[in-house]
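Here is the structure we will look at.
To keep things simple, chains are lettered A, B, C and D as they appear, and every chain counts its residues starting from 1.
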Amino acid sequence: MQPKTIGVGMLGYAFMGKAHTNAYKKLPYIYYPPPAIPVLQGICGRNPKAVREAAERFGYRYGTTDWKRLIDDPQIELFDNNGPNNVHQDPCIAALEAGKHTLVEKPLAMDVSQARKMAAVAKEAAKQGIQSMVAFSNRFCPAVLLARRLIQEGKIGPIYHFRAAFLQDWLVDPNFPRAWRLQKEIAGSGVLGDLNAHSIDMARFLTGLEITEVCGVTQTFVAERPLPLEASGLSGKAGEKKGAVSVDDASLGMLRFNNGALGSIEASRFATGRKSLWQIEVYGRRGAVQFELTQNNLLQYFSLDDPLELQGFRTIPVTEADVHDFIKHWWPPGHMLGWEHHHCHAIFHLVNCIANKLTIAPWGATFEDGLKVQLVLDALQRSEKERGWVKVEQ
Amino acid sequence: MQPKTIGVGMLGYAFMGKAHTNAYKKLPYIYYPPPAIPVLQGICGRNPKAVREAAERFGYRYGTTDWKRLIDDPQIELFDNNGPNNVHQDPCIAALEAGKHTLVEKPLAMDVSQARKMAAVAKEAAKQGIQSMVAFSNRFCPAVLLARRLIQEGKIGPIYHFRAAFLQDWLVDPNFPRAWRLQKEIAGSGVLGDLNAHSIDMARFLTGLEITEVCGVTQTFVAERPLPLEASGLSGKAGEKKGAVSVDDASLGMLRFNNGALGSIEASRFATGRKSLWQIEVYGRRGAVQFELTQNNLLQYFSLDDPLELQGFRTIPVTEADVHDFIKHWWPPGHMLGWEHHHCHAIFHLVNCIANKLTIAPWGATFEDGLKVQLVLDALQRSEKERGWVKVEQ
Amino acid sequence: MQPKTIGVGMLGYAFMGKAHTNAYKKLPYIYYPPPAIPVLQGICGRNPKAVREAAERFGYRYGTTDWKRLIDDPQIELFDNNGPNNVHQDPCIAALEAGKHTLVEKPLAMDVSQARKMAAVAKEAAKQGIQSMVAFSNRFCPAVLLARRLIQEGKIGPIYHFRAAFLQDWLVDPNFPRAWRLQKEIAGSGVLGDLNAHSIDMARFLTGLEITEVCGVTQTFVAERPLPLEASGLSGKAGEKKGAVSVDDASLGMLRFNNGALGSIEASRFATGRKSLWQIEVYGRRGAVQFELTQNNLLQYFSLDDPLELQGFRTIPVTEADVHDFIKHWWPPGHMLGWEHHHCHAIFHLVNCIANKLTIAPWGATFEDGLKVQLVLDALQRSEKERGWVKVEQ
Amino acid sequence: MQPKTIGVGMLGYAFMGKAHTNAYKKLPYIYYPPPAIPVLQGICGRNPKAVREAAERFGYRYGTTDWKRLIDDPQIELFDNNGPNNVHQDPCIAALEAGKHTLVEKPLAMDVSQARKMAAVAKEAAKQGIQSMVAFSNRFCPAVLLARRLIQEGKIGPIYHFRAAFLQDWLVDPNFPRAWRLQKEIAGSGVLGDLNAHSIDMARFLTGLEITEVCGVTQTFVAERPLPLEASGLSGKAGEKKGAVSVDDASLGMLRFNNGALGSIEASRFATGRKSLWQIEVYGRRGAVQFELTQNNLLQYFSLDDPLELQGFRTIPVTEADVHDFIKHWWPPGHMLGWEHHHCHAIFHLVNCIANKLTIAPWGATFEDGLKVQLVLDALQRSEKERGWVKVEQ
């Protein structure tokens, strides 16, 4: 019997486009037998030469600079949107309305208004069996998969504290050029939407709680930077001219959850020495979990159920076959997964849900989840304007 | 020639009284030749039997339940106040006015009003050569000593971020009794004054910056607890009756410094699995430092001055003879100091300053420093009432 | 212009076969433009059903149970031998003599006699431009790539100590079945050839030194185990019957290098709690390096060139673009590679060397390197028999 | 009632003399009520000026350059021998024969012959109630105390592997002077007796097993060094003249235990970057423990009794009151002990055993234990000469 296939159309060909494409290409032989075999149909980007090269490199049937061509292509059943935040809304809505399953990079949208529209369209599409997911791929990190399971099983107990820090340092040099991520009209916000969005989603995903109130502040440490000589990517060289940085370099927030728990989140691109450290801690009545993204195979777990003199944070290598369905497909115990595998897991989950008509939640982030995150981001922005605590819209 | 001596009077005989007394007893043979030899004169506490036992145990000439006896004793030249926060003000002022050098445990006072009075009296006493210090003893942790030196030498550069988390878990059990630290009238506040006071002092000490604005929140997770069967200490057994907890179990704050840097502080007694973790991070234009109190001999240091491919946080064992004058008196390199040694360093510094007429600052915390911390604590409390950012009084 | 292709024939389809195949499949889009595009021609294994499934799963044109078919296939230009150690010699020699580039899993052979033959044939083939490599893929671990560079640049100085521990625990359970790796006639030896071979190769690769004398001992803790119900792989279930374990469970060795440095190696499958910990340390006159395989992106580096008070082991995240050519093709800094990527690097190196007529050494292990390792393994076995130090044949 | 006192006579006043004296001085107020109050009577050393200063500094009644004066002093009930290894035998035997309890620094003696004599005399003295102990003080490290308890309780199960590495770097500089520890006639051996003695004692102490066979090797990397300008201590400055180094700089050994377990030990003063790292690992059928001396409050523990998906090494902070009697006397949980506290524990144990007629073993090392270590050291030396495995004399 011939296995099912699923035609994929990709918007974006840089960092995330490469990570997602890699996942589609590995799916058929890693998760075996695969729920469906992805067929790479079309890829879209703004630079004609670059998109042509990407098509050839990754094996897409064609490249295009017009995302509507992907929407119009009947062979594309799954639309994967890795474009900058300002091209999330329209292509995703078009795709969903055209009956295409849709995956979109985080954050879902530029603002709440967009996110609401997108979630509504997704909800409508779902009635026709059209699936949609936001690529909060860190949910599929091995450590996170186990952390959530422990919390859901009650091993951590009622939660008191959620703590997250997402620290990078790529903007410490004031001559680093003003990449697209530093322009509000393209990125929507700075680390708020780029990094704290991850922490907010993780808070909800792990704890199952909702954030009800927030108080936040942001800072732009370097207000003006050299314009990059080339348009795309984050690594362009600096030119002579300067341009304004219109997003936040750092973002702090205090959170209150619906069970009374406290949360704190912090994100920065000025944390010198941290390439991409993302540390999460959850403390509850019976135990605690902690992990860090660059140690993605390791979960720290503490349990008050242990005898007193044996209590301590244990470092669990989450590479055992039976910890989670996403992991057993890889290698024998002790062989570590890398960052790319989170995306492989996420895309396997999506394709599996599509092929077998399973529900994206709770492992995958729905557009509704994306909206929830956007509501918290929005509350953090309102909070800053009002210089105080604000309620999160529900 | 007979070495100088200095008569010591001690208020308090439990945890901190023991830690300070230990420091006085070790000073003459560890720091050799000693600046002066402490002579333990009198010790004071509320429980007559316990204070008598403490006097005998530690070698004080006498025990008393009346702190005024210490003030009136002409043989006492240094008054060391380890009492609960509600007995800081009056005894310290009395001691200073009686011409006694004065050391007081942190936080300096119950509130800003007390702290202002105490700082004013200390300033006046200083004119007569009377020294005073607040026992922010963690300033004398090996890792901190080096961290401050690196920052002061400019190795970290202008600072962007200060981050502190002080996490404990001794209140997670709802049946843990309501110790004195949980009563506002004795403790003044909960983790705010107990733990975040440390972080605030450390922020100022390390960076040399002032905190100008804050926004904070606290939480009391367990509002009522069994009353302890015995009066003193933190380890009494729970009785039948219950009493209200009138202080905070957890305290979060966002800070802004006078150079535009952001700070975040978090303290809790509900961080399951953390016995007493105190983690500090400072990120600047040229580098970063990080340390954790239970790894007190180790400083994490990152430098952008290293060649790019060799950059990484290095773990510096701060046990080398030449790192700091406080450390060379102990053991050869590689032999670790413990928590008690921070107090030994602090008290050596104080006695040395007294004996040799040196200035307490910058290594020791003056009452003026204590007041500055109190002003930030006060701002955090006001911020919570106003549910937003407030300016720190200067 | 059409890119070059290279036809691949694979012997083995389980753990290593999957890891290598994954590398061939990723090469064309990760290393772009690729030196040549691997075309998966044939795959061979003993179980007809399993090999058919493997062919389908991984996209090989055909499956076969006869490795000679791969040798006879003119479309196969690169023969990749992942079979058990007892099928290394004949197929590799046949492939090389048939003019096929050859990659073989480590250790090179069952014994020195085989290894000598293979190295001789490889040397002869090289004259015709036929490349050969032993898959000591851990050489391509990010941390190792940097470690070697630092040592070669003289940053560690003349070397005093090499230390290696390769610890696993999958045999602690006495009812774990007697897999093929526990049979001497198939595996040649136990952890000696499986794990200590890695450490010996790493010693030579990192330091550039030769091992001149050794003294070793091995132990088989469980002499008899249940026979597995199924023939292949390491994870078969235990049956009723028992069979003898004819290889070592643990292997220790002391080494002396040609510069007088000392080495110690230890490997075990009875190190409870260690899934696959491989720790390497090198100490020299100017500095030291350390890494651990499950932290493969991190190199610990200590330098006496640092100012005394700033000396400490620094943790270098080896994900920066400029550290090594193998890494820049992946993701931005801070995004971790996993275990599989070592194999990707190794196979990229091999294909690149083939396509561009570059030399396998020093980054890749030649058959001559494989022979050198085998000579040390042999010396360790002789040492055990003689209960003392023996010279390594050169 | 007046507490008992115990008169102490000390041989040696440098590093260890200071560490032991500190322990005697802290005993009366830390372990309260104390089993007996040490009274510092006499201290002895070779340099008249230095010994006079030491007496004054530490509060000994007198200083002397003649150790026989200590033996003759009827007020001295406990003789503490911290002298170099070449002055262990005669003073200890004299003290024991004079009816004085005796503590001696490790290793017990210069060689087996001395050790046998000393153990015999100690055995005889014990019949008169005279206690003796070898100061293997690391037995009293918090992590070790818990490790031993877990092993003795069976939580680790039958043992397969013991691994120890004791790494220092103070000799890497070839111009570091030839201190007394580098002269065979004073030190007996180099790291063999200085560091590997610790590892051998720890192996026996933790596992309760005996070492039956060994194979060892040593190396002297720098054969000649500048003579120090001053006689005493390890930190003298280098002079012009050179002298031969007559002890080992590094020492490796492979061990076999009486249950079939394997051991490996390694010690060096040329492990660049390691100030004093002492790492111990024990692997058994049910679990494993690991600790490192500079993290002396933390024990790593792995248990196969945990559910499979929760298995991992846990980091136990050994500061809880109930873990061991030696620790509860100090501070509340989470307040770390340093290196000096191991000596405090050891000396408390000794004084307690003397005062209350308890047995030194199993926590303290008897002279019989000291002899057992010496027999293994001796076997390692014989093994090197014979270039192979030798049996340990029993």
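The rule is short, and it goes like this: contacts are C-beta pairs under 8 Å (C-beta built on N, C-alpha and C of every residue); 3 or more make two chains touch, one makes a residue touch a chain.
Note that the structure is predicted; figures quoted are calculated from it, not measured.
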Check A-C against A-D and say which one is joined by more contacting C-beta pairs. A-C
Starting from the Cα centroid of subunit C, hunt down the chain whose centroid lies farthest away. B
Determine the centre-to-centre distance between subunit A and subunit D, using the mean Cα coordinates as centres, and give it in whole Å. 54
When the C-alpha atoms of subunit C and subunit D are each averaged to a single point, how far apart are the two points in Å? 42
Subunit A and subunit C have mean C-alpha positions lying a whole-number Å distance apart equal to 35
Would you pick out the residues of subunit A that each touch at least 2 other chains? 274, 311-313, 317
Would you mind writing out the residues of subunit D in touch with subunit A in their complex? 146, 299, 301, 306, 308-317, 320, 322-323
Touching residues on subunit D, where the partner in the complex is subunit B: 15, 18-19, 21-22, 25-26, 28-30, 32-33, 57-59, 168, 170, 234-235, 274-277, 293-297, 317, 319, 330-341
Could you pull out which subunit B residues touch subunit A in their complex? 160-161, 163, 165, 167, 169, 172, 215, 217, 219, 221, 250, 252, 254, 256, 260, 262, 264, 266, 268, 270-274, 281, 283-288, 302, 304, 311-313, 386-389
